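Both of the next two complexes hold chain A, though its partner changes from chain B to chain C.
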Partner chain A sequence: MKRGGLQGYIIKRLIYAALIAFGVVTITFILLRLGPTSPADKYLANMSARTQDPAQVVAAVEARYGLDKPLYQQYGNYLINLARGDWGWSFSTSMPVIKLIQTHWVYSFQLILLSMLFAASLGLLIGVCSAIKQYTRIDYLATFFSFIGISIPNFWLGIMLILVFSVQLGWFKTYYDTGLPMFSLANLKALILPVITLGTGMMAGYTRYARSATLDNMGKDFVRTARAKGLPERVVIGKHVFRNAILPIITIIMFSLSGIVFGGAYLTEIIFGIPGLGRISFNAIFASDYPVVVTITLIGTLVVLLTNLATDIVYTWLDPRIRYD
Partner chain B sequence: MHHNILEIKQLKTYFFTRSGVVKAVDSVNFGIRRGESLCLVGESGCGKTATALSILRLIDSPPGKIIDGEIRYHDEDLLRCSGKRLRQIRGHGIAMIFQDPQSSLNPVFTVGDQIAEQIRMHLKLKRRPTMERTLHLMEQVGIPRARERMKDYPHQFSGGMRQRIMIAAALSCGPEILIADEPTTALDTTIKEQILDIFRDLKQQREMSILFITHDLGTVAGIADRIVVMYGGRIAEVGTVYDIFDQPKHPYTHGLIDCLPDISARSDRLTSIPGMIPSLIDPPDGCIFSPRCPRSMMVCRQKRPKEVIVSKEHLVACHLYS
Partner chain C sequence: MMRQTSRKVGGKRNLIFIGTLLVLGLIVLLDIYLVDRILEPMGYFYLFFVAVAVLYGVYPLHANRRLTRYYWERTKRHRLSVLGLAFIILLVAVALIGPLLTQDPTRVNFDEKNVPPVGFTIQQSVYDLDTDKFLVREIPGTYQHPLGTDDKGRDLLAMLVSGARVSLQVGLLATLIAILIGTIMGVVSAYFGGWVDQVLMRFTDIMMTFPFFILLVFIIFIFGPSLVFIILVIGLTGWTGAARLVRSEALSLRTREFVMASRSLGASDARIVFRHLIPNVLSSVIVIATLSIPGVILAEAALSFIGLGDPTVTSWGMILNAGQRSLDTAWWVAVEPGILLFLTVLAFNFLGDGIRDAFDPRSQL
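Moving on to the complex of A and B:
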């Protein structure tokens, strides 16, 4: 197959991605600075410098971080610094934003990655089984539980899981233990409840889509051809049906990524006290620590945009009919 | 007596739908002989495809179900053999191709792979010989530059070429019987002739039986040894191509032949059989063709006609001859 147009397509998409990221940064920046509180107010509270004239302290702090300049100038400076690789200074934690992100990104990353693996593998498995056994008890059970899974808000699920498995049964800690080594069984165990919390809703959704995509393809003529060839059902479903059914499911999974990065992961991290980017961002919002919020929002945006682009590229391998030119 | 390698006896395939039971195949009997090409002819919805799919138990279930009958292939009844045995026969002893080559090929696998998969499966050949065989088959059905085109996907082929791929796949394990369900219906007239040529060549080169299903009597004349005419899920008439075209007995067969456009007659209108195809949910008592039959008698509406032997090869199910 010709892949000549792919390179041009990638470049085009990267330009779009840059424009979208720019838009997201601009909107986030302006919205945050439109709020009535200045980061300096919080700074002031933190410093407990009440002996001095508060107004003077605020003015001093604002001058130090350029907060006294007009908004467009602050914005321009922020962009220039961003381009230079300087992601700003976190007022509330008194360290460079980049440093903050370096220490915390991995907690979000492991949570999101494991949740997606959990949701995608189980969702696909249950969905396909459900479709093969359409209108049997297995199918009804899967359908029933997937609707429950879709309907349960994950913050409620997280709290209930803690209540039952941590408080009542005592199987897990009520809090995520940051002291554990990253690649250890103990860490994996500590992530079980958070992964279930974040993954259940996704898994239920994927189950529904996997079921319907599998059913769609099971009725196709090429499935009859495959059976007429004498292929065993394992190959008919596992090869001919699955390979076609997986295409829309991948789109759905990628589509749900933004909801996970910007919604589910934030809540899950907060419930379980996981010090990931979501929690950092959450704290930063309350502290009006806008460089942190803008930067984390930007990172999330880039992750979503680049994953989508990666999916589109993977598609050219999965579906030979797709060509970008 | 000729030896039938496939014998269909009292086959009944029903579809259980919301509006009732559709008797798509209702007590059908016929046999296929070694090396012959047998054409199954009838209007849309007369049960031709349901009959063909029943042979390899490919009826979608639900809603379809083979209720009764026997499909004897050598010494086995295909309706009662194990799933494993059935899969050994599918594609190997009896292969099948379908009407629409576009949807019958899987869009995400290369055509080479779709031909090769049953070679690997049935003949247990290694990679290299499988590839050679695939290549040879593609050349045999007339695909130019076969070696390169093996790696192409179905959407990169034209309709006629796709049907050639389907044929190559069906022939890959040297089946005794090839069931072709309206293989030329979805194709242009010129392409159709090319595909029919492949079938004619196949018949000459191989000792293979072909069950050719079509609604087009014009196609039949050029390819059939014998013809089975179906109407409303039942058999109307069976005979050699000469019996059917020169001495049709059943009024329905007459009607079909009269419908063939005759260029010398220079008529402005095309002839058709008056009336509609009967509903197979609640078929009329007696002969199912009787409501449309120009020679219908009292008995036709009361009793289902039995098959009458007209001559050595010629059977008809009609009260006119009993």
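Moving on to the complex of A and C:
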């Protein structure tokens, strides 16, 4: 395959991702305008306490945010503001939304990163072991526990962990302590329960995929050849099977962001009081703090989009067999 | 002979289905514009669900008894999936009959707050009016509230039964809507190809990019929560996986000989889609439907857990929310709905796995 083909492929993926991002932003706009209450009403809920006449407030808000303009102009302004990073003003916290996001994203990031590391490493280990020892007691046990892990509602698991380890045994605090420095053992300890809460479901999913991907490759001809030429089992599994199995697993891990990871992180943050983006959005919902909810929804979606794009591109670099036309 | 009957059914079935849809649509219009309230909104969902279940579930199973027995034999070999099915049937029975037998799940009684389940005893400090002091009293579980009460004295058994009804309603009805949209999208996309396929699949890609739960939260935030609306939204956003799967299945079917033969005999597009493509993707659709019910049930529970559920009905997520707030005084409020939720999800996962293996002719059972 020529270099140009790869570059062309990457450019095509970039353009495609940009189109999808445009679609996402547009659908969000349409949903906002379809809502039964106009954005001005949501602002009103926060502002009417300070003035007398609601009609005046609505008019002022509409003029201030351009809501009195025709729809296509509103749409244009919305796109321009998004691109410029002008994501609105958060009423409940009295700061620009972008500033709010800047202070809080790192809490979500550390939770998600640690959970993915935990889930991916354990999931891969258990899955591969389970496949190597297929139809043994280890395999059945692993399959059984992965079933339980997939089925257990993660927010309930979080509550049960708090009940047992924080309320009954008193090993951990029931609430995440935000005062701790980011890179400290105490912070790591505070994140143990949240990481288990978020990571268990992911781990169970990865275990299943790792098992089936490994089994798929165990039956391949090149593995039989490797065994036939007398390679030790360690090399056959480690080099021939695992290397081929890892690619689809990486994709699964990356694609799980949009489903189980972000939804799970949202709930985990709420349960443990971690002030990440999920918790911020949750607070904003009950304060009718409209720009915050919109921005966090968009950020979540765009992060998914970028990871999918990155996965696609990393794939081309990891797997030289793939052809791009 | 058997083949003949099932063929006749296949043709009439779609007509009956479309007819039912039209009648339902007419009633909706009447309901909105002329008479007020012929049916509760939930009533339409039920009629719709029953129509689909009878026409595409019960009738074909009845008409092809030999095939039904074959699939049942294969599903039965998964002992866990039979167990799952038994649990689901039990849960459906409880959800249907239970509310008639239990107390009112919304009745508040502060004299009986935080009563533990039968067999447990807790210590509670109670304010005594006579001595003007707080007394520590032992409170045993009573048979009047076999599963205990919450911090407002509501009977947990009644609340859990009501929650079972909500979970099943959302799980079954939302999945049905999602699967219908997904099937139609997938089949149309695969059959017509070209720009239709491009547009539909790009739209699917966009919808798939939204993190499912965050999109749900966003939409409920904008439009406000009600059970009917939650069902609709989950149905209208959760179809992407089914659409992708059905499209890939239909793409391979489209080039098969029997479809070619049908087209060369002059069959119309509609006939090929309804008589050949849809019946042949139905088995994968049933599998993906069963396997997506747990996710839907969990999504609804999570929504009501964070307070975005329908505030007028008691659901498991709502009880869990109350339970988290009283973890140190009444642990059972958080434990009980979670166990039920977990078992329900597990049951649907087991059943789905069993059906998938039964329908897969390659799997050796």
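Quick note on the criterion: the second predicted complex is superposed on the first by the 271 of 325 C-alpha atoms of A that agree within 3 Å, B and C clash if a C-alpha of one lies under 4 Å from a C-alpha of the other, contacts with A are read in each partner's own complex, and residues count from 1 in each chain.
Throughout what follows, a contact is a pair of C-beta atoms (placed from the backbone, for glycine too) under 8 Å apart; a residue touches a chain by one contact, two chains touch by 3 or more.
Computed from a prediction, not measured in an experiment: that's the story for all the values here.
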item	value
Chain A as common anchor, with chain B and chain C clashing or fitting	fit
First, second, both or neither for A:P232, with chain B first and chain C second	first
Which superposed partner A:N244 touches (first chain B, second chain C, both, neither)	first
Touched partner set for A:I148, first chain B, second chain C, both or neither	second
Touched partner set for A:H104, first chain B, second chain C, both or neither	neither
Touched partner set for A:R224, first chain B, second chain C, both or neither	first
Touching partner for A:G259 - first (chain B), second (chain C), both, neither	second
Partner chain in contact with A:S281 - chain B first, chain C second, else both or neither	second
Which partner reaches more residues of chain A (counting touched residues only), chain B or chain C	C
Which superposed partner A:R211 touches (first chain B, second chain C, both, neither)	neither
Minimum C-alpha separation between chain B and chain C after superposing on chain A, in Å	10
Shared chain A surface residues [contacts with chain B and with chain C]	none
In the complex, chain C residues that touch chain A	202-203, 205-215, 217-219, 221-224, 294, 298-299, 301-302, 305-308, 320, 323-324, 327-328, 331, 334-335, 338, 341-342, 345-346, 349-350
Touching residues on chain B, where the partner in the complex is chain A	56, 58, 60, 86-92, 95-96, 98, 100, 103-110, 117-118, 121-122, 153, 155, 166, 169
Residue ranges of chain A in contact with chain B within the complex	1, 219-222, 224-232, 235, 239-240, 243-244, 247, 318-321
Chain C contact footprint on chain A (complex, rising order)	19-20, 23-24, 27-28, 31-32, 34-37, 147-148, 150-153, 155-156, 159-160, 162-163, 167, 174, 257-259, 262-263, 266-267, 270-271, 281-282, 285-286, 293-294, 296-297, 300-301, 304-305, 308
